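Naming follows writing order (A, B, C and D), and every chain is counted from residue 1.
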Amino acid sequence: MTGNTFGDIYSITSFGESHGISIGGIINGFPSGIFIDEDFIQKELDRRRPGQSPFATSRNEGDKLEIQSGIFEGKSTGAPIGFIVKNNNQNSKDYSSIKDIYRPSHADYTWDKKYGIRDYRGGGRSSAREHIARVVAGAFAKLFLKQFDIRITAYTYSVGEISIDYCDFSEMNNPISCPNINKAEEMMQLITSCKSENDSVGCVVACIIENLPVGLGEPVFDKFPAYLSHAMMSINAAKGFEIGEGFNLAKMRGSVANDSFYNERGKIRTKTNYSGGTLGGITNGENVDFKVAFKPIPTISKEQNTVDNKGRETIINVQGRHDSCAITRAIPVVEAMSAIVVMDLLLKNRLSKN
Amino acid sequence: MTGNTFGDIYSITSFGESHGISIGGIINGFPSGIFIDEDFIQKELDRRRPGQSPFATSRNEGDKLEIQSGIFEGKSTGAPIGFIVKNNNQNSKDYSSIKDIYRPSHADYTWDKKYGIRDYRGGGRSSAREHIARVVAGAFAKLFLKQFDIRITAYTYSVGEISIDYCDFSEMNNPISCPNINKAEEMMQLITSCKSENDSVGCVVACIIENLPVGLGEPVFDKFPAYLSHAMMSINAAKGFEIGEGFNLAKMRGSVANDSFYNERGKIRTKTNYSGGTLGGITNGENVDFKVAFKPIPTISKEQNTVDNKGRETIINVQGRHDSCAITRAIPVVEAMSAIVVMDLLLKNRLSKN
Amino acid sequence: MTGNTFGDIYSITSFGESHGISIGGIINGFPSGIFIDEDFIQKELDRRRPGQSPFATSRNEGDKLEIQSGIFEGKSTGAPIGFIVKNNNQNSKDYSSIKDIYRPSHADYTWDKKYGIRDYRGGGRSSAREHIARVVAGAFAKLFLKQFDIRITAYTYSVGEISIDYCDFSEMNNPISCPNINKAEEMMQLITSCKSENDSVGCVVACIIENLPVGLGEPVFDKFPAYLSHAMMSINAAKGFEIGEGFNLAKMRGSVANDSFYNERGKIRTKTNYSGGTLGGITNGENVDFKVAFKPIPTISKEQNTVDNKGRETIINVQGRHDSCAITRAIPVVEAMSAIVVMDLLLKNRLSKN
Amino acid sequence: MTGNTFGDIYSITSFGESHGISIGGIINGFPSGIFIDEDFIQKELDRRRPGQSPFATSRNEGDKLEIQSGIFEGKSTGAPIGFIVKNNNQNSKDYSSIKDIYRPSHADYTWDKKYGIRDYRGGGRSSAREHIARVVAGAFAKLFLKQFDIRITAYTYSVGEISIDYCDFSEMNNPISCPNINKAEEMMQLITSCKSENDSVGCVVACIIENLPVGLGEPVFDKFPAYLSHAMMSINAAKGFEIGEGFNLAKMRGSVANDSFYNERGKIRTKTNYSGGTLGGITNGENVDFKVAFKPIPTISKEQNTVDNKGRETIINVQGRHDSCAITRAIPVVEAMSAIVVMDLLLKNRLSKN
């Protein structure tokens, strides 16, 4: 009810601030009897962790998952899965310089006004460290979805003005998981030059979900794209979402945009997939593909005009090491939130028919 | 839980198929003691009604609101507000031609597979007539929000390839509510020519929400943009959502994209509003502006390849009068869903502080 | 969220006041593909209707069910089932005498203070006519449960000081559904004499649920008895609930109260059933039996001390025909709420295991 | 949705098994800006802890609260409050003797059937150690309610056949918090003798909530007594609930049972309080009083007939130290669940009126 739970049947309820004791959560609705590969979950967490590539900040938190409950003799029991990830660096920095000042395009001002109090250390609850709980819940969901061979792959679609011009997943083994090796090089150069200029840059993450069954999505309000877009737009810095051809579809004619059905060896398929794998808000068995736009990371080491918490105008210049692009850290979170959505809708769909 | 309720504290639960007895719903969480202007609500419904302009279908259903409960002596009582809108045309047409055939890019196939049964008459539950319940709930929400002078205005941003090049609300009094009269003319010509070609075309609705207080949005999962995007992407044919500069922000540098704070006669404001009125998922007091992309209406009177419910390939050609663009009917629904989101978050925000 | 929805996966959201246009509701989560016997549902409604026996009031409302949606060609479609039951007598009475006065032990005072406004006609939303929506949702649930041969039987356990001393369902064909014909006669005499004295009397409804599978109930907060008790205590005038031996168990020793397991032709059974069919909050396959205590109907044609809405002390004497015991009308509601609980928990339980 | 969350606006989501790493939870909806007295919360936990009196088991777990988040500089921030309480004794015992055997009147059998797997160590998730999370959430709620001077006092009403014959809170300073010192002595002797006989005995906890405002409770399904009874019946071993005169009201006449209103120095009061502080499911400003019946603790060191997980009949005799009466440990849990209910309904009620 108050925004810290996502999912209905399969759900994650999370807690934790950047510089508190720990980040953690409780997973509910994970069925009993599933073998839990903790190494896989830790690896998913590691993908999100800062310091994994030159394109992310060098703070190395470790981010060691400590499962508290819900697993017995290696298997899920159906009981809630509590977990924590300790914050190791919580006392390492002096935040007094930003204590009373609102960083532009950050959550500082709105959070302070909403709650009347704010844990300013490292962004507190508004920090991207909160995504840790999402990645853990997403990793559990992936373990569940693996049974049905459902695969979720997020990748870099664009950084700044540079977009991929083709998509070849065999080229994706690069630090920004971009399936277009030439563009990947350009993008990484752009990120590096932003860093050296103490600036940051936006990006678009694309994602493809393969092997979905027909029938996922709960009309009329929890249509697949609606629920998925809720998930994506809840990620820090997300500013846009589109599914299939998205905003391009708004420019097209129906005679072009409609995805014709045909019969492929007994299976109903569509010749094109402009819709992005859903019709009437329900998956149609084609791949779901979507994009999420992220704004530039607002923390930059440049002088900016702002105000303090008394409303007095002032200048801020946030020093220290910061990511200059969200791309490497957004990718695992986009996958994680997708996995939660798919698992929740898959479980719900089991109840549709008698 | 099963997708027919939207909102937590202020909520609408809806029912009804295009050709059933009625479309209706139950509004919960509307506070007691508010004067209910039923004429206003009926007028909102009339805005959505087909046949209101040459750019929409000529089916004239009447769509007369019948409130069943929750109002006493002109005022809300705090009890649930039940309402129905009768379907007058439910037996007027022969649907046997599409009974067993899946219309391309429609909900027919997915609905049939999900539930194993489908009310094929006029699209059944997947019809845009379902939006009636949303418009009613949105109109009630607008009555509530009026107290705080919160205004919600949706308008035509683009039709097909034609977009507005400025936004002047004084020019908006045209059949497609486009705040750019020259472009409005072009757009209407495009719609007319699509109609004459038995084709349809996509569009983008933009919306601005003015006079919001600081503090709306419930981190971390029900951030204002996340919740709003859920609402928008649940509208029939919606394929994309962006807030503020949206996908453009992904191309920008932080030093440009950051919205600097300043003090305007004692009020904290931002010089730019690329973020679209939210920071950290919480409203910052600037206008919220966002866009929703709609695909072309899939019903076109052209021959299309498709399959029937046995998977046999066939040709379909849906005759009859159809909208050729969703624009006029999408606008009131975008406003309605916005109003529901704002009211629900406004009520939730009352509980944030001690 | 605001108390007008019951159930999570299978749910009823209700609306309506005693003297408004209609009482109605929306059923969600009813799976598609189930044949809907509308006659059965109407008969369940008829059981609750006043004027069905000399022991209930003679107001004859008809209470004709009008299903609005969710059923196509005789079967459920998975879409929400909207329904209304019109109020025929809504203008028939003069309520000005109680308009400003709080009837003792009624909802008048608390409702007025909570909402600041109250539909005083016939109790408004606090009237037992609200139970109509429950009975409809319960009847649908019974149709679902019939597939599994799950049977729910509520009956009169006591009226005033008179309790049954045995339970023989073959004797239950009497106006108060009491499985003990001698006691039934005494109880009916008591009700008649209360009526003639312009007084009322309390009662206890017992209920047995047969043929439940093992596994229903969702620990730790939605244990079967917890959820069932919520359902029962939400019925008008309910003041107590117990399952199995209930309050008697508090007097017993463990060595006596424990229900020993044994093997009955391959099935695990318990020799006694003091627990009432649940262990650890989960059904164990034995019959669930429970009791609900109802206070005397507070409307009596006697002078009573009370206050008006200005707090002035006064005398009230409510004239007219009233039930003198809730028993005949409570029985179908107890069954209906039980059916909703069982169906919801049965659907939830399908998601427990992988 | 899956039973591990209680509360809507103010809520606790819990996790943990008796012999896992920790018991913990996440509190949501606690408003920002409230001073958090951690000592008070720890003391509440200590009240529930085993080994606090001769009438409870001697296992001394420590039960040290470790708050993870949601508090900054001594005050609540509005963010979720994560907490854990480590299990210190998790490896201390050999459970192989009950690993495959179902203890009579325990959750072993039903849990095993529901989930197909069960953490048998100390009852796993079905252990009363789960109540720890409830007590923590209840203690936070008490801190909130203290502002309004709302007081919640649970006490021993009966043990076995022995009930109090008056209630004098000045006599309550005894190990079983019984406000009737003579009866308290008898009850304690009974518990002692049960212990020496390797047997156990049931009990009734009564509770009084003072200083409630008028207006709490959300009709029609979340009436105060309905919601409270849900809370109480979700406590381990609870088998019955009644509010006010409860089952006695079923024996009474309306002319006796009705609580007459009068004006006490400008405040509307009732002369009697048979209803137990609620009318129409909404608090009326009188004290809420209710009772909860608990069955005897099923773990007894006596030979009992049972079956194993293959269905084979066998004899079980559970050795070790066990509580012989739930009374001392149930009291703080009854208070905690009451506090959660009151706080949640108090917050909800803020949204009733415009």
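Of note:
To be clear about the criterion, a contact is a pair of C-beta atoms (placed from the backbone, for glycine too) under 8 Å apart; a residue touches a chain by one contact, two chains touch by 3 or more.
Small disclaimer: the values here were computed from a predicted structure and weren't measured.
Counted as hops between touching chains, the shortest connection from subunit B to subunit D is 1.
Averaging C-alpha coordinates per chain and comparing to subunit D, the farthest chain turns out to be B.
Mean C-alpha position of subunit C lies 26 Å from that of subunit D. The distance from the centre of subunit A to the centre of subunit D, each centre being the mean of the chain's C-alpha atoms, comes to 39 Å. The set of subunit B residues that touch two or more partner chains comprises 1-2, 4-5, 8-9, 14, 29, 32-33, 76, 78, 114-116, 125, 351-353. Those residues of subunit D lying in contact with subunit B across their complex are 1, 9, 29, 31-34, 76, 78, 144, 147, 347, 350-354.
Those residues of subunit B that touch subunit C in the shared complex are 1-2, 4-5, 8-9, 11, 13-17, 20-26, 28-29, 32-33, 66-70, 72-73, 75-82, 84, 114-119, 124-125.
Within the complex, the subunit A residues that touch subunit B are 1-6, 8-9, 14, 102, 104-111, 113-116, 125-126, 130, 158, 160-161, 194, 199-204, 214-215, 217-223, 225-234, 236, 238-247, 249-255, 257-263, 266-268, 270-271, 274-276, 278-284, 293-300, 302, 304-307, 311-313, 324, 348-349, 351-353.
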